[in-house]
Amino acid sequence: MSSKYPEYEDPMAHPRYTGLATFFRAPHTESFAEADIGIVGVPFDGGTTNRPGARHGPREVRNQSSLLRPYNQANGLAPFNLCKVFDVGDAWVTEAFDLEKALGEIQSFFARLHSAGVIPLAVGGDHSITLPILRAIAKEKPLGLVHFDAHCDTGDDYLGSRFHHGAPFRRAVEEGLLDPKRCIQIGIRGATVLPKLWQFSYDAGMRVITMDELQSLGVVGVIREIGNVVGNEPAYVSFDVDGLDPAFAPGTGTPEVGGFTTWEAQTMIRGLQGLNLVGGDVVEVSPPFDPTGVTALTGAAMLFELLCVLADARFGTSG
Amino acid sequence: MSSKYPEYEDPMAHPRYTGLATFFRAPHTESFAEADIGIVGVPFDGGTTNRPGARHGPREVRNQSSLLRPYNQANGLAPFNLCKVFDVGDAWVTEAFDLEKALGEIQSFFARLHSAGVIPLAVGGDHSITLPILRAIAKEKPLGLVHFDAHCDTGDDYLGSRFHHGAPFRRAVEEGLLDPKRCIQIGIRGATVLPKLWQFSYDAGMRVITMDELQSLGVVGVIREIGNVVGNEPAYVSFDVDGLDPAFAPGTGTPEVGGFTTWEAQTMIRGLQGLNLVGGDVVEVSPPFDPTGVTALTGAAMLFELLCVLADARFGTSG
Amino acid sequence: MSSKYPEYEDPMAHPRYTGLATFFRAPHTESFAEADIGIVGVPFDGGTTNRPGARHGPREVRNQSSLLRPYNQANGLAPFNLCKVFDVGDAWVTEAFDLEKALGEIQSFFARLHSAGVIPLAVGGDHSITLPILRAIAKEKPLGLVHFDAHCDTGDDYLGSRFHHGAPFRRAVEEGLLDPKRCIQIGIRGATVLPKLWQFSYDAGMRVITMDELQSLGVVGVIREIGNVVGNEPAYVSFDVDGLDPAFAPGTGTPEVGGFTTWEAQTMIRGLQGLNLVGGDVVEVSPPFDPTGVTALTGAAMLFELLCVLADARFGTSG
Amino acid sequence: MSSKYPEYEDPMAHPRYTGLATFFRAPHTESFAEADIGIVGVPFDGGTTNRPGARHGPREVRNQSSLLRPYNQANGLAPFNLCKVFDVGDAWVTEAFDLEKALGEIQSFFARLHSAGVIPLAVGGDHSITLPILRAIAKEKPLGLVHFDAHCDTGDDYLGSRFHHGAPFRRAVEEGLLDPKRCIQIGIRGATVLPKLWQFSYDAGMRVITMDELQSLGVVGVIREIGNVVGNEPAYVSFDVDGLDPAFAPGTGTPEVGGFTTWEAQTMIRGLQGLNLVGGDVVEVSPPFDPTGVTALTGAAMLFELLCVLADARFGTSG
Amino acid sequence: MSSKYPEYEDPMAHPRYTGLATFFRAPHTESFAEADIGIVGVPFDGGTTNRPGARHGPREVRNQSSLLRPYNQANGLAPFNLCKVFDVGDAWVTEAFDLEKALGEIQSFFARLHSAGVIPLAVGGDHSITLPILRAIAKEKPLGLVHFDAHCDTGDDYLGSRFHHGAPFRRAVEEGLLDPKRCIQIGIRGATVLPKLWQFSYDAGMRVITMDELQSLGVVGVIREIGNVVGNEPAYVSFDVDGLDPAFAPGTGTPEVGGFTTWEAQTMIRGLQGLNLVGGDVVEVSPPFDPTGVTALTGAAMLFELLCVLADARFGTSG
Amino acid sequence: MSSKYPEYEDPMAHPRYTGLATFFRAPHTESFAEADIGIVGVPFDGGTTNRPGARHGPREVRNQSSLLRPYNQANGLAPFNLCKVFDVGDAWVTEAFDLEKALGEIQSFFARLHSAGVIPLAVGGDHSITLPILRAIAKEKPLGLVHFDAHCDTGDDYLGSRFHHGAPFRRAVEEGLLDPKRCIQIGIRGATVLPKLWQFSYDAGMRVITMDELQSLGVVGVIREIGNVVGNEPAYVSFDVDGLDPAFAPGTGTPEVGGFTTWEAQTMIRGLQGLNLVGGDVVEVSPPFDPTGVTALTGAAMLFELLCVLADARFGTSG
């Protein structure tokens, strides 16, 4: 495998616990012109309904991502050889106490990134951040969605807000940012506050794969179903770490027992190779509830799998 | 789904981290007359042979149970619509230093509850508490048993006691509280202190499903076997969180690696729908060994599944 | 010592780890008519500028307060004998995503409590909650203030908000709720974001005792100074646990090394006996950053000392 | 300084994290004949009224004691040069579920040790273990007592038991094992369950130094007072780690804020040099509540100071 | 089952939390003459490339192994009945700052053990320790290898060293200590620092089973493959706990998500029964990263399974 | 106070939990030409004799230092106004397995920094790193030393090494890098492995202030003594966090109970104002032993105090 950008190839010159923590020890820049893919922290948890702390997620995912390495043994992808990957810093907000203004600031950041032609890969923060990202990158045409989560996050207003972390995908469908027929939600489970809390997903035509169906289909079956639903048009991937069982990701705001494993998650993400991916995110890592750091490490590992298929989709032979 | 008791339907008026912690934020009462099902804390760990702390279990299960919600997506059950569920407080003991007296006090509490016609759902405490519960509710006729655990808990005297947490089911069979032919023990594993520590189970005719057999049968096979063993007569369910692998439930007194997952546990409990259940318990959550609270959360999730099938058995269409 | 209310005198009938967790295992009521002093949880951290989590504070302070006991050895006070102390539940908010609306809801709760003649003792939540409490109880006339904290909390707008947790006492002075000449702030230290961040305190005439001055004066000198500043008119006490050194209270949102000890804090609060106290709070216990629970225990211990002097001021011989 | 027993002088041949964990990496023996001083674990917490776990104390104190070294810089004492110090293992019990029988077993162990002429230094375990030790060694004549603790532990029956960990010194005085006029209790504080919970201490003539008095006297004043009370007759030292502030010893069963510091504790114990000490203990280290191990380390450090003054009293120039 | 050595059969006379911590509470000896199998701690982590702490592994595995019991329910093996098993202490090093000298010291220890005819079962320490063990026991003839791990550990020089923990099996093959055709490596996964980091394994003819292949084959298929590769000649087993998923073993130096479960691990090790095993190790338990102790417990459980098949191979009916 | 470099004055534009973690959120550069003071991470713990992990110190001190702010309330110093302060990255090593080579690499880094005229402020790493720093900056003339620590670190060879973390100051004196008559060591305590482990300090004429003497002198007395010893010639400051009591700094490799407080430490460092300081370090923060992060926060706070007096000495009015 030859590299277009040899200068980014050897993060192992340094021992892994050294240096400033950037995502995967990729170079940091605030100049979007340099980047093909920009990994962005979104340290915001103002949409959280229960346990806060995801604002500290980007820091810890950066920190734990130092343990990762550039070559993906499982599928042979080497994202740092395929394109220029940068840590472009944080989409931080100045109006942190006002949910809608904060989401507006996040949207502006991703709009600038999008205008510069940089493919976004975001690290939350809570799941409310996905809406402004979609607003920034899906204006032209609704996107498809591959969504890993315990919850459909297509709820309605709650505690006086339309934009909390349990509703982004409802709003995105309503705003025409997602094509519900090309959306698939995987890992859904847990009790709900209303009899049919996620009815919007079903009514809108989104494909919902519960944990029970995931167990029946197996990961191979799920991968096939993803392909069927999403097709060849552009699609976004959103990975909420609470889709994983709390044994694998205890440090999150809304844990639900009975989830999938890290191997299943890795395999399903690898199964996205060949899709027309245009961006993605990993959300809901909450370090205050993650004393061992294992959730941040797991989040980083999922981010790496996303980076691989995203780089391949846009800059690789699959692209 | 219509509700008989609409006033208990909306625990979500409050954010989930607020208010006094009761089981599932159900109303608290000390009057048994009001309740159909009474969830009871049993903060006692005087039968523990190794790592204590389960006395703190009810508090933390109450606390973490606030994260749960009333509608069970997987099977459509809504226990708070089916019947009046109350947190009836703790079966606390005053003679905490004397194991037999303490068990007697616990028995008295459950006997009062039973006399009042309240279906008991208990949260331990260590596994020694199941014996006095059975003494209170199985006097009329031996019950069947569905028992999830790493250990058969049919051992004999140990460290001078007949009533420690490794022996309750032996004593219950000996006292005629359980019909061994209708007892099934699931998840059994781990090395033992004697060559045939659980021989009593086999000799008495209890059905023992080891982890290896569980892996062979799959959860569907186990569910079928439960039905075969327990039949249609009244049965009790006892869920020891150490049946789960320590990855899912590290905070327990006698952890055994190689256990089942939370998804398997949820699915097996849901498979009890249709049985003639008369009570149940979740035991051995030990908060001092559970720094992330994930074991208490998991215990609460198992308690919710038990509540669903118990409410359905007694007050639902299966009943 | 005779008791007016013998029925509340013996919380020790139960072992301390049992039962629903209320503040000091005091009886819970939602009827304000019953109470002389109402202890209130305020599970809100929407004013936090950095590390969130204080929304979980009331739950854990309730939990750890079970370790406390009714008789204060140091000063002989027995608050449960002096008056009717109730846990009156939480001043929870429904508009949790909107800081100003949330503060309005909190104000309403305390206004109702105040109208009912109940003396408030609050447990935060972040320090932004003190402003709505003062709005509720200090409408008639400005109060004096005894304020233990690492920070003066008299800052100005920050991140677009006037009501974050670093500004309540500035707003309270501006709104005429506090008489700055009768305000004393104790334990102030730490670096600041602006050269004279707390200049408002000095300009308004509040008495600021830094940690260095506290070390010079000693606790006896500080107690004398408190008396000089506050005088005999009505005063409020606000205890931010970050006034303590992080060794004693690590679980807080804005820790500052170099603080006072728990013994110093207890002694200073006991030194408030004889003042005309009308309410108080303990704020900024953040359980996600408090894995051992020691901060919540310490917060509960400070709450107990406040309860003692408050009960004495209003219902005791000092009153 | 010459050594009588050079073979025990160099524990530093091994790196400190290696080898089986014995107290101070002293040699282990089950033969009492070899030892001058025997350090004994007493892994029993059956007398605990609240948070259990002290049964795991000896293990963790052994583990953390590896960090200690043989020469006491502060007072020049080198206990391993003065006499033969052994880890004589645990006074473990076989009747763990029966408090009185368990205390009887502990007494038998110490009686055998005493008969063999070995000076006992015990590591609990909860404070109930001190009574059987005194029964074993104080039969001939009542001893004096230097007692560091937050609590006098001279309470009466509680939860049906006379022998819980809040009563050992009352029972010891009643049984004639201690001469109350020669007993001093240091560090007393915290609220109480009864108005005069520790009245027995005062009535019996024990000298009680509260934290407030300790702060007034200073450690030098306390040391002088110890000497005045205890005199030259044989005395026992009991160190409950909850005498320390929870900042220094969070991992204990009954933490009380406002305690003394480790430096104060070390200095007060060093001040016992010259007394006629005949044994001692360190109790109430509870590892499940001590995630960083700092309490076990502190317990080990206090044990080392006790060992120094005990070795000096019996085998040194002070002896 | 009759026992050759009844005196070692009953470790349950003591409660499990008591006594000095030895491996499985087996007797400790420094005399190799007494032992058939010697369990050895190797507290060395000087070969670690990233997160240190495995030097503390033997202590904690000893501690947690107290929870284990002598009879293996799954396969009926009772190692303490088959042969004399001793904790022979630690292969500690005196030249801890010099990697090569340290490995030399470790080699000397195992050479002495080997000369004495004792079968070694080691507990690391990082994976660099396996090389000196093989140097000590495989001089006569290359061994086969069953290697459970996330990494092949057949890398080349790194950070200036040939002997770090990512290279021992390359060196062992190069030195003729292992027959690569009889080596199998199971659980391999994770991204790599070089495109073909483990190419040596493939080039040398070692059989590499990645996690993906393990999932395809199932544990039964893997067991069959192990038999095919290793055959009947002498073989060594090396179990790196990072082969397990971090949910099961978070406390390790190089965690890789997507690993196997404890049940799969136990079953695969049990599948080694019948092989001609001559020694083994469990490595990379790192207590500072293991706050709940679950990794040490899991390491101990794996060690027990190894002990069972090793005892059976050498002293049992399979032998 | 006017600022020479206004562009560095407002780190508060960003919320404090956002962005890449640099020391105090100062700008990062790898160009030494830009900096007046360079803060350097030294992620190396190869000189540790006991508990490793300080290699992770710089990362966590950077992380926690985000909580700090630019203006020092206590002494009015504002280092970012006085000079250009940069995070110049890590002095990482490539020969991590060879202690002497690693120290050589560290020395080279600091020599380049020194040649560029940048004042060094280092963050360890273990205490072995101070020797190569002194070799880099004290070649011209021996320096004075202000050394805060529990240990004199003037030991001799240990475990085969002359350069472990217990010996740097002996080597520095021997190599003529320090003038022992101008060296003061503060906070010394703890038992020792040899009767007179620190005799070198006394023999060489270094001034040793034990904890007992510190308590007698008080911090004002210590400050006076520092001035007397160090005088007006150039001096270096080395702050080992184990000088603090473990209550304030549990996460360190060689904790010793009985240390000084954070307030005492801050006050003593502030007392260095007016000395001719030329560099400094904070060492021995070990994150794996610091689950709450309080030690890293404390280390960052001490680093800030050092930065203030160092900036003042070289670029302020004291300079």
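Residue numbering begins at 1 within each chain, and the chains themselves are lettered A, B, C, D, E and F in the order written.
Going forward, contacts are C-beta pairs under 8 Å (C-beta built on N, C-alpha and C of every residue); 3 or more make two chains touch, one makes a residue touch a chain.
It should be emphasised that the depicted structure is a prediction, and the values quoted were computed from it without experimental measurement.
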Exercise for review: Determine the shortest chain-contact distance, in steps, between chain B and chain F.
Suggested key: 2
**Study point:** Topological distance between chain E and chain F, in contact steps
**Key:** 1
Review point. So which one's got more C-beta contacts, B-D or B-E?
Key: B-E
Practice item. If you line up contacts by residue number, which pair in C-F, E-F or A-F shares over half of them with D-E? Let me know. Key: A-F
Check your understanding: What is the distance in Å between the mean C-alpha positions of chain C and chain D?
Key -> 38
Practice item. Starting from the mean Cα coordinates of chain B and chain C, work out the distance between those two points in Å. Key: 40
Study note, to complete from the structure: Touching at least 2 other chains, the residues of chain A are 15, 17, 49, 51, 55-56, 94, 96, 159, 245, 247, 289, 291
Exercise for review: So, with touch as defined above, which chain pairs make the list?
Suggested key: A-B, A-C, A-E, A-F, B-C, B-D, B-E, C-D, C-F, D-E, D-F, E-F
Point to revise | Contacting residues of chain B [partner chain D, same complex] | key: 45-47, 49, 51-53, 55-56, 94-99, 101, 159-161, 163-164, 288-289, 291
Study note, to complete from the structure: Listed in rising order, chain A residues that touch chain B in their complex are 49-51, 159, 188-195, 197, 210-212, 215, 245-247, 250-251, 254-259, 289-291
Study note, to complete from the structure: In the complex, the residues of chain B that touch chain A are 1, 11-12, 15-17, 67-74, 78, 245, 247-248, 261-263, 266-267, 291-292, 294, 297-298, 301, 304
**Study point:** chain E contact footprint on chain D (complex, rising order)
**Key:** 13-15, 17-22, 28, 41, 43, 55-56, 58-59, 62-63, 87, 89-90, 92-94, 96, 291
